[in-house]
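The letters A, B, C, D and E name the chains in turn, as written, and every chain counts its residues from 1.
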Amino acid sequence: QDGEAPTIVVVTHGQANDPFWSVVKNGVEQAAKNTGANVSYRAPETFDMVAMSQLIDAAVNQEPDGLAVSVPDADALRQSIERAVAAGIPVITLNAGADVSKDLGALLHVGQSEYEAGRRAGERLAELGGTNGICVNQEVGNVSLDQRCEGFAEGFGNTTEVLPTTNDPADVEAKVRAALQSNGEIDTILALGAATAGEPSVAAVESLNRLDDVNIASFDLSANFLQAVADGKADFAIDQQQFLQGYLPVSFLNLDARYGLMPAGDVPSGPNFVTQDNAQQVIELSSQGIR
Amino acid sequence: MSDAIVRMENIEKHFGNIVALSGVSFDVRPGECHCLLGDNGAGKSTFIKTMSGVHKPTKGRMIVSGKEVVFDSPREAMDAGIATVYQDLAMIPLMSVTRNFWMGREPTKGWGPFKQLDMKKAEQVTMSEMKRMGINLREADQAVGTLSGGERQTVAISRAVYFGAKVLILDEPTSALGVRQTASVLATIDRVRKDGIAVVFITHNVRHAMAVGDRFTVLNRGKTYGTSTADKITASELQDLMAGGQEMVELEGSLGGTV
Amino acid sequence: MTVETADKDERLKESSFVSQLLKRPELGAIAGVVAVTVFFLFTANPVMFSLSGVLNFLTPAAQLGILALGAALLMVGGEFDLSVGSMVAFTGLVFGVALTVFQLPLLLAIAMTFAVAGLFGLVNAEIVLRTGLPSFIVTLAFLFILRGLSLVGLKWATNGSTQLRGIRESVENDWLAPVFSGRAFTGLFEWMAGNGWIEAFSNGKPKVDGIPVEILWFVGLTLILTWVLLRTPAGNWIFAAGGDANSAKNSGVPVRRVKMALFVLTACCAALVAILTVLDAGSTDARRGFQKEFEAIIAAVIGGCLLTGGYGSAIGAFFGSIIFGMVLIGLTYTQIDQDWYQVFLGGMLLIAVLFNNIIRKRVTGER
Amino acid sequence: MSDAIVRMENIEKHFGNIVALSGVSFDVRPGECHCLLGDNGAGKSTFIKTMSGVHKPTKGRMIVSGKEVVFDSPREAMDAGIATVYQDLAMIPLMSVTRNFWMGREPTKGWGPFKQLDMKKAEQVTMSEMKRMGINLREADQAVGTLSGGERQTVAISRAVYFGAKVLILDEPTSALGVRQTASVLATIDRVRKDGIAVVFITHNVRHAMAVGDRFTVLNRGKTYGTSTADKITASELQDLMAGGQEMVELEGSLGGTV
Amino acid sequence: MTVETADKDERLKESSFVSQLLKRPELGAIAGVVAVTVFFLFTANPVMFSLSGVLNFLTPAAQLGILALGAALLMVGGEFDLSVGSMVAFTGLVFGVALTVFQLPLLLAIAMTFAVAGLFGLVNAEIVLRTGLPSFIVTLAFLFILRGLSLVGLKWATNGSTQLRGIRESVENDWLAPVFSGRAFTGLFEWMAGNGWIEAFSNGKPKVDGIPVEILWFVGLTLILTWVLLRTPAGNWIFAAGGDANSAKNSGVPVRRVKMALFVLTACCAALVAILTVLDAGSTDARRGFQKEFEAIIAAVIGGCLLTGGYGSAIGAFFGSIIFGMVLIGLTYTQIDQDWYQVFLGGMLLIAVLFNNIIRKRVTGER
């Protein structure tokens, strides 16, 4: 390793205890280990754009050699990010914000559009024969989750409705069951988080004995949901390979700081669909927080 | 008598299914101390609360300075010159003496948006009024919670007097006090009366009543036993009236009649 | 307090037996249950009140209810615990780790979970009792601390994931597992379905194959705690400690011990919920129990507990939780746009509490 | 005197920088009523709280039935037979009379985990004890908050007596009461004393003290003015002792000496 | 309360001027600020205490603080408002809609936002005052209702999204905008940076190009509310209403009006925060202000407000918010892993409150 180890800060909008974001954070940490850079990962405690912009400001004050941010709300974060760019800090955007990345002055974007992923999932579920779908949202008002539902509605084409729930698996299970009981037409469930919404949805459908005629898919991965996919109870999981969203920006920024190397274009990290064929091999990695 | 400053006529007050007052008449004149006596639950507090605008009478008329009035709030009674020192004193223990003294009628200076408390005046007046009543405060921003019971009573009374009460109602000001403090409260009542203020003094201690009272009205279970003047009644007659008579005699017998 | 007499007084009507009954704190909650039921009878899909529908909303109600029972007793005893939600996550982690990492048998894992919960309950109690700080603020600190520790612990236990799994597998053959997970009376239900007494799927399997064990725990705990509160010296002490800690102490009630026991009980209720839900789900994650502390307090208050302590009941918390569960799940059975869900939740809470209040005032003649 | 059941020797009690008691000695014998008098803040409540285990004395010895003791909690004092009816009564207004009566010493039946309150016994005993004291409860589960002041005092006293108090301490039981209720409390004290219980009766009403007291001890600002027996002192001497003498004379003069 | 005398007594030491000063409720919070500062001086990157670092943690402190000021006054007045967090989201929506959908000029949009906030404040107050229900539970219902309405409203305003954007554009040239957004004294700062008096980035731009207006609002509001509380009749009434509403009413204090005004003030503080943050961010979404109600109450309590009412100060809430902001942002300047964040937050809260408590007891000789 030559020179002083660069300092890189990653600021995202996902809470540290969110299963999805904990994988991103693991990617960040792995990259830190591999590159030897000083990396710190920060996120507000709730989905809070105002707090996030303050965290970016705090990071910029420390004049890191690289900054990686997710951009779920370009308006809210614009000033902070532009301040970083103006201060000469190389910025990479990750996860959300593919459309505004260039505009904000970021070097590139690693990730996948939430809307796009939702649309692809919707299309796939429509292909499976679904006509009436629900989108199980465990964190109402989180914009990136809303975008997934919107994309789903677009791609699915037929009737869709959002089912708002809490973070509590028992509540999710009961609500999904209630939805299925009160509307027999529902034949498609898209859950927005594998552990919090996906697993209870499978349990609900199973308890109603309707595994055969209800298609279930979920965003993100969890070992138990993958097991359900492998067992044929659920159809597929949408994988953004978010480990890459943590790993790549850090290693790109490290290479930039050390050697001035930077890829020329955005890196699409997903979507990648995990189906019955490949679910089994992903389970182990998922239970370690890598996928 | 036409010189009564407050006259209550046939006041009734019901609380749901409880009849607290069933037709009480009463009046008080400037410069006299009219004692309202009665056992616990006789309705004394309820009666004076209707007088001071806390409760509205279910029935009955109220005439202040010759005009019939209906009070919608304690505020209105106060504005009509009826000041009350409640049994529970209406003081906030955590607040300073000065702030309690002026509570609800704070002095201000300045104008418009810059109108603010005139703390200097407030403290000065409080200190001097308290001194007039014989109490030397350590500091004007001492919390009321740190005062003794007698001192609190005195704050409450001097507050009422200062704000130009024409009628001063005292609800059992002496019940929680020691001898010395009781004496000082009674002396205060005496002083206030001599200033020409009408005093309504509620107690169930006959001796305290006899010490300062000009007239006495005894309440019993929401009814009045009538009014008599100081020269027409003795302490023991009053006592009998209040207690209801016969039972008391037995008890006193067994205890030597010293109650 | 001014001394007001209430002798055998000709000025007072005798109170009837019925109005005696109606003075109980849980009355309002029962009235609330009725009101909510009527509302949903008119607006919701009738399937909500079928056997499977009822069990469906009773399950979350039971999980919340176990927490609400602890919260209710603690509130009667004059204290709050805002850390129960985080405690569910933390004890869930402890339980999962005991089973999967330490490979303990279920019995020991459960014992360990309760021990840890009890320990934190004691810590809460010690700080509150030693410093005299309001329990509201002390337990709020533990809300954050325990939530944070759950995350750290999970990552440590799983090498980086926030979900700990494989729990169901590790208890698969444990004799104790049916007590804490799955459904009870499955044989009975199958038999009833076979006879056509309860709904069944077209293939003859009963739509409901048993009663979820959490409901039994919930009912059992309600009965026990009601009994404790009303029929044991300890219950008397709880009311006394919450009504006036100083007076109680002066009368020889061991107030310190009572409050400690209540904090421990509340924490153990959280641990029980953790065990039940973790076994049910087969996994645990860092967000379990999020905001459950408030739901528990709401349920207890709907159930007639006074925020100031000294008054309330376990049975009230029972019905309060059921109201909460019905509102939470019930809206899904209606045609109401789901975006309105929180508006309705808040509105129904408000109506339930107002209704509760009106009924109580009517009946007790309170002013 | 060796027949004292409780003897307090040179008790001192400091609260931070406040010296509430500076060396008070006191004893009480079975079957007597020993009155503790004093103005507000004299230290009466503080003194009896050290006696009943609420406070630990900063200095001084406490001898119960001939043995020196140190109480760590009110519970221990109770177990030693010292029962106290506090000024604030130590009752929970929201709880029923029965539950208050038994608070801290609930009767149980059954065994092991099924041990439960014996509510039938509890209610029966409460009703009959209250009747013995002359109070007919409407129902045993009436909340204490609905009782009158005198009734509450009586509940507290009968509770103490029922649980086999050898020493009964009453802190200003009559201060908030009307004549009839005061009489009934004094009668209760008399009855209890005749049962051979040692009674410590705190008051600042000299007349109440004279009615039932055998001996009198006057506290003033944390010190004792000595003890005298009922036949050696008159009401007015006692009054003077309590009030501190000279100031009082003036006041009484201006008010006609009726206080 | 037993009557205890505290005459000019030879048994009592005179209290010194210093101990008088130290009796102020905000003392503990100031001590807390010192303690937290010392902690970060040792553990955090020194950049935290540079001009830019300080402004950086003061910005969230200011946003929280404006809420905490309202919460503190309301607590002094004896009530709670748990709906402020949701109120931030809801008024943010109203403001955004006024600007982007109705295309109102900024002045009217602000007026409308405050009007709506005031209206909901009045509704809260009316329900609490009419029914006598604890404000804790009434405003908890509004926590849900307003959060739900924000979601519904956002979807309506944006045709289905939960994020409303384009707000900055719609006020771009409004004369009033600089009062509510951006930074003040920018010219001054550029000039200072040019002279090298304040830090600049390596490329010469000043690290700080002005003071964020929310900090000015925060300081201004603190001063005004401190003045109101201590120097006006209204302040006296607030203490009185919270200390003992009944006594205050009997003394002629318009308790009803005071409490209504306080609820309206609290709601308007939420509206102000909404306006400031929405203009700053240029967008609003359904989760704005999430859980801010608790942070505001914590800040007020750290600042010395009693949960029981009648005691507290605005300046205490000021320092309480600064402690909160320092902990919130400070941890990111340290090497502490983000996963431990909540543990530290809870721990520091606990320490701040304990410290606060100890100091107060020491100084006042309270037992």
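Throughout what follows, a contact is a pair of C-beta atoms (placed from the backbone, for glycine too) under 8 Å apart; a residue touches a chain by one contact, two chains touch by 3 or more.
In UniProt terms the chains read B, D = Sugar ABC transporter ATP-binding protein; C, E = Xylose transport system permease protein XylH.
Computed from a predicted structure; not experimentally measured.
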{"item": "Smallest count of steps, each to a touching chain, taking subunit C to subunit D", "value": "1"}
{"item": "Distance-maximising chain from subunit C - centres being C-alpha averages", "value": "B"}
{"item": "CA centroid of subunit B to CA centroid of subunit C, Å", "value": "50"}
{"item": "Computed distance of Cα centres, subunit D from subunit B, in Å", "value": "30"}
{"item": "Centre distance in Å when subunit A and subunit D are each reduced to the mean of their C-alpha atoms", "value": "71"}
{"item": "Multi-partner residues of subunit B (at least 2 other chains)", "value": "39-41, 88, 148-150, 176-177"}
{"item": "Per-residue overlap in subunit C, given as positions that touch at least 2 other chains", "value": "3-7, 147, 151, 155, 339, 341-342"}
{"item": "Junction residues of subunit A - those touching two or more other chains", "value": "16, 140"}
{"item": "Contact set on subunit C toward subunit A in their complex", "value": "44-45, 47-48, 52-53, 56-57, 59-60, 63, 147, 150-151, 155, 158-163, 165-166, 201, 203, 205, 207, 277, 280-283, 285-292, 325, 328-330, 332-334, 338-339, 341-342"}
{"item": "Residue ranges of subunit B in contact with subunit E within the complex", "value": "52, 54, 74-75, 78, 84, 86, 88-95, 99, 102-106, 108, 115-117, 119, 136, 138, 146-152, 176-177"}
{"item": "For the subunit A and subunit C complex, residues of the former touching the latter", "value": "16-19, 22-23, 26, 29, 140, 161-164, 166-171, 173-175, 177-179, 181-183, 195-196, 199-200, 203, 208-209, 222-224, 286-290"}
{"item": "Subunit C residues touching subunit E - in the complex, by the definition given at the top", "value": "127, 131-134, 136-138, 140-149, 151-152, 155, 294, 298, 301, 307, 337, 339-347, 349-350, 353-354, 357"}
{"item": "Contacting residues of subunit C [partner subunit D, same complex]", "value": "1, 3-8, 14, 20, 227, 230-233, 235-237, 239-240, 243-244, 246-254, 310-311"}
